[in-house]
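What follows are several structures.
Both complexes shown next keep chain A, but they swap its partner, so chain B is in the first and chain C is in the second.
And now, the complex of A and B:
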């Protein structure tokens, strides 16, 4: 089938495919593209100007150096479709034997630069990544105007071609890390990279590990900071986050934005975050251990007051804690999905109705409410939502161990978690390493 | 890459974990006056052995103990390392059983012994499967979390000290080292010896400077002294010698009015238990290394699980504390072997290795 005819038949299936006949440089041609991706009137205006220029210079329209577009030599159907799907426009002569591929005036399909939605910045650059890959690369370049910045582009996936950009700072990044990432990217996956799970499977990371191997950030300044410190940054098209490799434990506590404060305040922030993690992970387990297994550890006054507050609670402290934790987790999860207008309602329902009523109904002790509230608040002192969610999981391991072995179980749970952290690594770089540009400590 | 810091931290963790439970009772039991002499004697033995051992290892730098012995001959390596493997297995059995008993005595009265032993073994098998580098990194993290707390409690436990109990400093018994061959003193040596053998097993990619290790081992002296003298200063020799765990009793007397916890000791002891678990996983890792050399057919996870299961069964068969004490006494011979023969052999072989290297251009 001749290609113009093929495109005509294709029009029946893709309603946004246009075939627009027009004269360029006194030659009848057909302009093809997707109306959903291309701004047609603007493109035609641009084309006329380009064709005029080519004509003035005495170059034929379909010539390589006419300046209108890149000629395609006898393109196949797939090549034509790929070009169209990528958002480019095609010009073909009436007879269908000569083709030009050109970059049209596109529609704006990305949002404008906005402030981040999952990470708040108090002092520092506020612009965040958005869905457009080129914008994101540009943002990083703006934040790191250095000639060391290297950018490599890959297209991953089978049916969905996903553009992926790898950024790194030449001379800063550790060679073995760069080599293993590039090696992986160049093997080209045999499946679509539609999400981070697929990407981490492609990189060969463990499927079940709660430790995130990509530290994600919405902030170009964080990405630039990571680059300057010898890490690699991956940007995916249509994914408004930078993926920083490798991910380290310190990413939970250290943010580039801290450095906009005086040093002492920076360190107090970090200590606060570490305390937050400890409080979040330990408190529920400690409560269960102290109430149900080792009450003698507490001072007698506190032990009595906790026992008093638990009076009338009909089940063991583990069940009590799990019940309330379940409600809390449900609240957290639903708060993500709630429309912004209904959010305050949930706060009220959660805070007053559940909190107050559940104590009065003697379903849980009020000490537990204090503890779980503190623990949940502490959870979000950590940087990065992905880290906060992982921490939520560890809590349960400690809870179960504490219910079985008391304080001993709690501490051994910490050892297990520490051991698990020390086992984690990204491309051979341990999760626990202390990162300095170009060097690595244990 | 120099990993001296990790190695030192691990070295400390292993020893601190071993010191505070059984060691004070043994020292207090071995003589009645001038305990510092016994502590120092053991300590000097310890430091000189560590120095010899690390020196010998540094002579044959990339080789570990197993490779070094295998260079001489398979049979020689087998004969030298078999008692060591036996010693390691015995250590694991005794440690798991003894510490489980201590846990039930001190704070988990209602929990059956077998669950605690299962917990210890399960966790240490898990950690040992992650590999030695993970064990080391875990050590760093655990030390960061627990050490400040340990030091605090250690300082607090001088609260009830009566310094008059320091006197008399010396008697004929202490001055002549007459206690050195007594049973309690020989038993007390486990705190000095069990720990440092791992230095010879770590792979060459985890390198360390032997000099730093020797200096670091000097830093352990305050812990050894404190573990013996805190109960002595709190209760006096006569009372302290009656307790099975004098140090724990002494820390139990501490009363901190500004803390919400009544028994600070418990956190102290549990932190130590965590150190012991790391020690267990380290010993288990060494044992597995030896086993895998002996029986290459064994694969990593199965070997670990089999070893743990066997140890668990033996632990279940130990009926009571007396049996544990007897096991500890039986273990003295392999212990002395591991303590003296292995470092000396390593030193001698290391020396020979270096001579050959220097002769060969």
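And now, the complex of A and C:
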């Protein structure tokens, strides 16, 4: 078998594959690897030193205990390619019959530790996960220096091999939960896990459900907290978030970071977040219900002032609300896409043009502007962007029901949403359950 | 797969059903409704006339308009008004219903029943009787309105301009008195004021929905005390001092003795002295309050008894002592001859910021 020839032909297709001839311990060898993943000069320096050491100890280079690398015995083409794709370097003798796989000096392809970009921390550890899996595992280990921490590694996917690490605390995690996660991870997926949708489908979660089954967090201390409380954490390579299983309703309101404040302040934060959710979900529907269907609920003073502010508005309140909500959603969506340098522009455009001019043009009433502004602000009191986006959706259900059935419809909508929440579960753990380490569920 | 399709079909069916059956196209937005605050009812020669005080919804909202219409029934009139108005007349926010005195004297039964029957008028709408004609009062309300005609509502509203000399009577209470053997009601009487918008003149005694007499403001305060609705009211002690009631509590016990009703009432008042004439002692003030309130109550009761109008609802206390047949005759057989032993127990809490002789 002439493997170097095979590698040479491969070189024509992979421009970053290098085959470097050199002498190690007075023996001609070929070093192979990807330049995009391996720092070549540094690796050669390291190799020379290792070969010298092996020579001094009187060990042959390709021996198992030479300390240079792991010998491969008669490797196949696929094995060689897998080793190269994983970022390792290979040493091959001139004749091509002896192989050595070794860990080279790699290139730095991850950013340094930074502060989180989607969650802010006021009081607590500020470093966040990044794209490098080992760094992330290290961060969690730093935050949870306990001998109970167990780390299992899996490689998922068909053509793309994605490294996945499952972390849990031995003795704290609920056994059935661990068993079902491990069972799932050990069955080979028949497709690539390129995103959370694919992972969700792999775990068998419902495709259409707006309830997120993974509570994502960028903060190592949140992951460590979850581990200590008996939850499981999944880390994916090149994904700078920890996925905490199971996800519960309380994750919307409870953050580990709260515990860095006095208890009374912690509880007031949580109450504030619950109020925020209620305001966000209920207010637009309540406005439509009270203005169109049940104005008798309002006090007469407010009724008159709203009636006055709506004088000359051409559309019914549902259309009015939907119009402005659409503009708001567009603003939110575009704010994500905008480069940071022109971010303030959208604030100005949204604030001045939409706020003031829309009222003056009598397209919507100014009470509605207040309501929707309050609702949108309240949307982001919730912890986790994935929860905030789900809430944005529920509000439309309530809006439509309110437009049809008034306050009654609003309450029907709340009941429907509550029923839906109580139906949701992750590996048999109900979405509405109150998490307590060591408690039995299901 | 088939199951999935049928599920989607079911969902689509539910959605179209909800949309089609909701009737939401009949919903009128708040700016397309007229929300009258006051309704006035008068009667001339067998035909009713209804006046509505409607705030004009505009961003500045200072305008008020008066709409009036005549007809044989109140609902016919409202229908006429609705037909001619550019907005839908919505009585959901009706706050006060004003009757002209002549209507009240003839009897309110028909109109109160129609208000109770209707779905849009709230049962807790306040009632009032206008001493004079309705038009001057409505003109006064309109001309002095700076807040969309809310003045008369604020006048009766407990967290706004209400004072203990004014009674709050809701239409359900009037309706109750029309159908009860043992309870009548008073309705506040008002007229346009000289400098203020409204002037309170006391209250009208209503028996079975018919006005039978009047009580003045002082007696109205006592009525409110008896109902447990009046605290913080001012009360004058005739010659010696002025005191303010800080807290009040009434205990009542009723007995039937030899076929006649007898009641013992104890009113416990906590007062604070506001003003003294001369140098009265606490004991003197206590005695004067007791004497004055007792005589006033006895006088009010006598007037009411002579009209057979049980405005204090004393018959309620004999519900468990009389048979239903006897209760039917409460107003005629027992109430006029009822005796009440009334004593006021006063605690002078303090003499204001000054000392007072004990």
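We take it that the second predicted complex is superposed on the first by the 438 of 442 C-alpha atoms of A that agree within 3 Å, B and C clash if a C-alpha of one lies under 4 Å from a C-alpha of the other, contacts with A are read in each partner's own complex, and residues count from 1 in each chain.
Assume contacts are C-beta pairs under 8 Å (C-beta built on N, C-alpha and C of every residue); 3 or more make two chains touch, one makes a residue touch a chain.
Predicted, not measured: the structure shown is a model, and the values here were computed from it.
Of the two partner chains placed by the overlay, neither chain B nor chain C lies in contact with A:350.
In the superposed model, A:87 lies in contact with neither chain B nor chain C.
Number of chain A residues touched is higher for B, counting chain B against chain C. In the superposed pair of complexes, A:310 makes contact with chain C only, with no contact to chain B.
In the superposed pair of complexes, A:189 makes contact with neither chain B nor chain C. Once the two complexes are overlaid on the shared chain, A:404 sits against chain B and chain C alike.
When the two structures are aligned on the shared chain, A:412 is found in touch with chain B, with no touch to chain C. Look at A:296: by the touch rule set out above, it reaches both chain B and chain C.
In the superposition on chain A, A:423 makes contact with chain B only, not with chain C. Looking at chain A, you'll find residues 293, 296, 300, 404-405 touch chain B in one structure and chain C in the other. The residues of chain A lying in touch with chain C in their complex are 290-293, 295-296, 300-301, 303-311, 313, 316-317, 403-405. Those residues of chain A whose C-beta lies close enough to touch chain B in the complex are 293-294, 296-300, 302, 404-409, 411-412, 414-416, 418-423, 430, 432, 440, 442.
Contacts from chain C toward chain A in the complex involve residues 18-19, 22, 24, 27-31, 33, 35, 37, 55, 57-61, 90, 92-93, 95, 120, 122, 148, 150, 153. Within the complex formed with chain A, the chain B residues making contact are 1, 3, 5-6, 103, 107-108, 111, 115-116, 119, 123, 126-127, 130-131, 133-138, 140-142, 145, 259-263, 266-267, 270-271, 273-274, 277-278.
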